[in-house]
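For reference, chains read A, B, C, D, E and F in written order, and residue numbers begin at 1 within each chain.
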């Protein structure tokens, strides 16, 4: 994947950004791509795609987040979840480097324990499919007021958000490309 | 993935174990599965599947390794590389927990820096395809004498190899299953 | 496939049950699964998915049916039709065992001839695709009053519906699993 | 599937007929096709593709069989097993019609109980993959002398083998085609 | 592909014809098929599927066109674009044969230069996906009054439209079939 | 596709170049790529992959050809044939431009009629699959002595071979890329 973009243009994430060709319509990014932007997050139940959250009636709210939207023109939703996990792991590594603190990963969530021992949820994430592509949203909390669960934000960690975003996108695009090339230079085996 | 096995039966890895149905023939594991065993590693150029290594004429040798072999009855080699990376990340996390030391990941390799500042390669790994499946081999050095590149081993890190192996397989199988279920509980989006 | 459920909770089938994740939303069944329940059946033309029936303007009605809904998180609709046919064949076998009478299969329909020589349609069935899965509905008539075509019901055959349903689901899930394992234990051939 | 052929030309089945394009090389059948012929069957372990039989060291022998070879230019081995099961079910139905006796199916095997209560195995079958296609072999015993397990043959059942073969191929090709068309006339559903 | 139909029944193309099973609903064509008809073309922005045109706010209008609609029950949208390009190339060849003039192809567009040196756009085309199939629309201008861009029409070229349509469909169906058979008669290679 | 290479290094084509990763091993081209080189062509029956030619016992020989080898890390052989046809069409267009003469295409072959009315075959081509990719070979005759069928060569047409090769590769790579992007900018349709 060669196409990634961090934009300073603030945008609210309300779930409708997780749709096919949104990156093309919004930013003119064509083909597999990932973009990041900063803005509030509130996703109503009607827009939520994780049915476990829908069943739990747990809408998503955060006053300010760094949002990443990726689109892959590949139909396999299971592979999209692997690609989502790779984004989470890449973010975890970078956050540990930048903050000097240990970040926990559970499935597609990142957590961090404050000095007072209270845990904080750092991110939300989902991967889904459209009729022509697969899509990922990952949001990292920046500010933390008024959220339904205890969260922690990039500000509290002293992270420079634009620098983090730019490096995260760069690394992720390089990893995705590296995995593709690994697939292209291995001979098959047989019985 | 529900099937995983750590066996105390020592086995040499010479590349021929990375073949379709080896887990079924050897251990009677049927369907998607992962197994781990301990043994030397020497893979001749003729058995190597990473063509970059073949071009570099870099055969693989290690006196004693923990080997993991996974087979997925799914044809997509790119997905197999994602599954390989997940195994590497899962091992990295566990090694950091057990050793209290920081492990570096570069693509599908794990590295560790010794107290004297010298780096050591901890693992080798490859993902490939067979006509009926995709396969992963990952080997973690246990002992380190006589290897062609500077490596570091689980013994030097004070890791209990069977305990590490058992927990690694358990976590990996759980992650693979969790990813599958994540794929099954998300609704699609559309334009 | 390991997940199947027969529920005594009566439910009307009006077509909207043939939708992605209905089994998860309704019964908390996650992943490939099949469930069965008893209830009336009336599917309006607007909800029908078999376009041949839509063209014939033949809505579906039955006063009481045993309904099976299966969902597979696999995209291939042709394979879903094979899986539907397997469900029909499995039901046919079981019905013949339980009733001691001969059942005819034509495509995805089951028929039975009454003692007076009049034929009766025993079942309706369809397989379709959603953006994230493939789905099957099969309904077996229990009672037969007021239906648009001559049908025969499980009651007339003296079938214990809950026992039939439970055994049908158990056998079908075992067959689907057996077919998967058959696929995993065969070596490839070449020219 | 429109292409099927019963040939009177006797041919021994030794496993090498289960290979890609054998139908094209032997009979000039191009594309998805099924052919049937009569001949002895002896498959050495080295040619066997069912690894369960290989592990059990159970080579296949029968003095005279009706053999069916089908090839589908579709890569999915799991679907090939469904297509194999459809062939078995179609044969079972036809055998019951022609013999007036009840045939049992267990997985991909057909059995029949003799008047003296002894069971007999009627068929062998396997589905496999090649790099460009998927393939099915099914053999029905005609004569039964000298076989390693108790078997029953079409002769003992009074079946006219060429007539059975011709009708089996015709019905199977029609079923495969009918399943394809069923896939083409159903509208998708969504959440 | 064996199914193609040219109908004299005039029909307006407004974009809604590019939908799954339209060929089945309208003309009773089942399975992979292509049909052609004559009629005006006006597609509002809300019905347009080429997002580049949507972004450019360039609705499509032509007073009279020959329209081709093809549907393939194969999910790969990239392959559908290859199939679309094959249709364009086949049309280009035939137009050159029938008119004795040189036609230019740029991507999925055909152009022709008038005697006075002015260029004219001859066709519009798009390929897209539905949840159960992939679809192609190609329209060839017949008359040219009042269109938003300079176009050229089949009338001006002296083309007999029904004869052109019938031959185009025949050739295209034969090419698609020939490509399928080419895929079925080639042995695989290996390293 | 961004990777293409014309090399002046002469190489004989004997069929073994049509194998997975040959472009990587020979030219260090990684990922989807196409390369062209000049050299004799003689392919023995044992190396031929077109089984129609094998059945006809028609080995391939040409004293000097321009060879193109393309590899796509995509498994679908039918799509590879479409991609092969695109290469043939692109070559046909370019040859007509450069020679000012009309070239005929029949399936995957190009022909040209000499001034004396005798026809000449201009090219050979095949598409095939490997366990990890699909591959294309197309050869254009340069010189024509001693070939088994009447052929015509680029020299006779006055074509500058390196210039033709370079432009052909550039156009083909651009077309393949354009088709991919066309697939990425179209919204799906539904019933």
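In this section, contacts are C-beta pairs under 8 Å (C-beta built on N, C-alpha and C of every residue); 3 or more make two chains touch, one makes a residue touch a chain.
Since this is a predicted model, take the numbers as computed values, not measurements.
As for how the two copies subunit A and subunit C face one another, under half of their interface residue numbers coincide.
Superposition on CA atoms relates subunit E and subunit F by a rotation of 180 degrees, given as a multiple of 5.
Which listed pair repeats A-B comes down to matching contact pairs by residue number; over half match for E-F among D-E, C-E or E-F. A centroid comparison over C-alpha atoms places E as the chain most distant from subunit B. The distance from the centre of subunit B to the centre of subunit D, each centre being the mean of the chain's C-alpha atoms, comes to 40 Å. Centroids of subunit B and subunit E (each the mean of its C-alpha atoms) stand 50 Å apart.
Annotation for subunit F: residues 20-21, 24, 51, 75, 77, 129-132, 180, 183, 185-188, 190-191 touch two or more other chains. Chain pairs recorded as touching, per the definition above, are A-B, A-C, A-E, A-F, B-C, B-D, B-F, C-D, C-E, D-E, D-F, E-F.
Listing the residues of subunit F that touch subunit B in their complex gives 21, 24-25, 75, 131-132, 187-188, 190. Contacts from subunit B toward subunit F in the complex involve residues 51, 55, 75, 77, 129-131, 190-191. For subunit B in complex with subunit C, the residues that touch the partner chain are 20-21, 24, 30-32, 73, 130-132, 180-181, 183-188, 190. Partner subunit C is touched in their complex by these residues of subunit D: 18-21, 49-52, 76-83, 85-86, 89, 93, 105, 107-108, 126-131, 135, 178-180, 182-183, 185-191.
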